[in-house]
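Chain IDs A, B, C and D follow the sequence of writing; residue 1 opens each chain.
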Amino acid sequence: MQSASIQKLIALFSKFPTIGPKTAARFIYYLIGLKKEEVDEIIGSISYLKKNVKLCSFCFNPFEGESELCKICSNPVRDKSLLCIIEKESDLNSIEKTAKYKGLYFILGGTVPALRKADMDKLRTKELEMRVKNHQEIKEIILAFNSTAGGEATILYLERLLKPFGKKITRLGRGLPVGGELEYADEETLSSALEGRK
Amino acid sequence: MQSASIQKLIALFSKFPTIGPKTAARFIYYLIGLKKEEVDEIIGSISYLKKNVKLCSFCFNPFEGESELCKICSNPVRDKSLLCIIEKESDLNSIEKTAKYKGLYFILGGTVPALRKADMDKLRTKELEMRVKNHQEIKEIILAFNSTAGGEATILYLERLLKPFGKKITRLGRGLPVGGELEYADEETLSSALEGRK
Amino acid sequence: MQSASIQKLIALFSKFPTIGPKTAARFIYYLIGLKKEEVDEIIGSISYLKKNVKLCSFCFNPFEGESELCKICSNPVRDKSLLCIIEKESDLNSIEKTAKYKGLYFILGGTVPALRKADMDKLRTKELEMRVKNHQEIKEIILAFNSTAGGEATILYLERLLKPFGKKITRLGRGLPVGGELEYADEETLSSALEGRK
Amino acid sequence: MQSASIQKLIALFSKFPTIGPKTAARFIYYLIGLKKEEVDEIIGSISYLKKNVKLCSFCFNPFEGESELCKICSNPVRDKSLLCIIEKESDLNSIEKTAKYKGLYFILGGTVPALRKADMDKLRTKELEMRVKNHQEIKEIILAFNSTAGGEATILYLERLLKPFGKKITRLGRGLPVGGELEYADEETLSSALEGRK
């Protein structure tokens, strides 16, 4: 019923994160409804992004610029004794928004999935070891991962991996989140909230 | 924190249907992570779509081809005495999937929003009147709109607009949907289900 | 941690429809917090209900009164040629609220569960057959069940059971419910809505 | 349509926590369907509860027994230097389930609602002040309230109220809950998780 070119583009959009075929179809109708200049602007922006945005040679955060290092890594004010390991780019943005962290980052590129060797190889663990080895100024490594099964597995894995370097290794504090209620909190969260009282 | 080109593309993707800034950011990281060839394929497909897909001169459904009419409108087997008016392209696909309708379509391009003249002008009501006027073979006009406030308002509006043409005008039957329960059905739905019993 | 009498009452309340142990516990704390007179009123009302409410000898709807028949079954204005079979009491209330149905009811007491003989025996199928046999004035039997798997199975079962009586047997009409959208309607619902257009 | 005694009981059940008229009606039909002995058991249990369960004279937790104090308050092993103030009974149960807290409790009976004097009077603030005054063994008061607006207001209120007694006053630690993700954590939760890292 739908032409081949529409179906192909639905397939391509369906690979975008969180997008299924129905939303992909709505993207197509949206694009068809746009003026030519508007579509050209989207295409041009994607091209420009792909040409000009590169990954920071220290933390792997994408950025645009001449230098090797992103704005955070090249900022002389940031505290180079703190290294915060995170799963993905958006986690860096989440932490930056708190304005409470002044150290550096390292984007691991994923989490440790249970028992899958192939996926493990995609993580930047080699690069992480090199960073820690070559930067003696690092005093504390913060493993800032989700409190999910995948995040926990990654924390355990990295603790073992980084132990030989003799740095202080910490993880995010657990407790009641904003809006959290005792009645619906699981026992582990509530235990942590009690232990971490202040 | 994010470079200008990333922020611009986030803004462009945020205009896509159902997409907010967070998902738009994930699109960017997804694109940055793709190989150059993969991004080129997406860009190429969007370009091709915009160049080669046009709107059917009868029903306004987008299609790819040399002819003026889409596959449905140019299909000699379809019943030209039935015209189904719908809000948008995906509604056409939904009805085609039932394989129960063999007539033609007309995509109105939206619904009647309460009291907003400017939006009303975007609807293809002029074109609709011309279709009905110039195609005496049309015997029944089906107003296949959502059972929402917007859909209902559009049905009322079109009934008045099309009345002078003296065609039979129908709307979709109401009743319990698949999976529907009496206990949670509103009174109007249940009334319709009772009246429409068979 | 909780005393035996509290735990027992939590267990009893947990058997109430839709109630789990957490809400049952909240019931207990609610009752403990009430004045003695308020608790006595609840207890008294339950006792009174159990003593004075009986099931209608025709339709099995619970009611309070001297007669054998409930208000609906003893109402001379109701149309005795229509019999609406329903799963449970609340379905009767839902249909009465529409004010569109003027016939009689019969509460089956459940639906046909797939392949479980023991549960089948709890349905009032014997009583239903007797009602249809002894009331020649019944012209149409409406099987007003949910559009769920259980409801559908019950409709098929009752159609076979009641066929020998030679009455007109109908079911609720299907279609888009109020608020329903074409895009999210399943194919069967949309097919029914198209077929039932008017 | 429904008899007066049914409607009265629906009204009484509708006052139970979390229960609306629809579920209340289902309770009625459930009770009508029970055997007489089963209903008598429910009534008997409610009567017994009301007669035999009393509130602990120290913490206000309901319990059954001869003594003045509940099992927790009369347990010689519990740490009497710790007093945990909570909103309601179920919060006590939640904390006990963690098996991490060995001190005593005090059930305040609610939270501080914004600006409503009448509701404030229902809180056991007078009793709380007496407990703290008369029990010099208390060293730390833990304000274990939800991280909601109501909980926060109560914490601020109690901090001011209890300040004159010169005890250490703490609150639950904030952070990522089990299952929490950085991407969906609010800035305050994430800030707390970073500060509380260990």
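Here is the rule we go by: a contact is a pair of C-beta atoms (placed from the backbone, for glycine too) under 8 Å apart; a residue touches a chain by one contact, two chains touch by 3 or more.
Remember, it's a predicted structure, so these values are computed and weren't measured experimentally.
Computed from the mean C-alpha positions, the centre of subunit C lies at a distance of 37 Å from the centre of subunit D.
Rounded to whole angstrom units, the spacing between the C-alpha centres of subunit B and subunit D is 52. Inter-chain spacing, taken between the CA centroids of subunit B and subunit C, is 39 Å. For subunit D, residues touching at least two other chains, in rising order: 22, 90, 183. Contacts between chains close into a ring here, every chain touching precisely two others. By the definition of touch given earlier, these chain pairs are in contact: A-B, A-D, B-C, C-D.
Within the complex formed with subunit C, the subunit D residues making contact are 1-6, 8-9, 12, 16-18, 22-23, 25-32, 36, 39, 41-43, 45-50, 52-53, 55, 62-65, 71-72, 88-90, 93, 96. Residues of subunit D touching subunit A in their complex: 86-87, 90-91, 94-95, 97-98, 100-101, 142, 144-148, 151, 170-183, 185-198.
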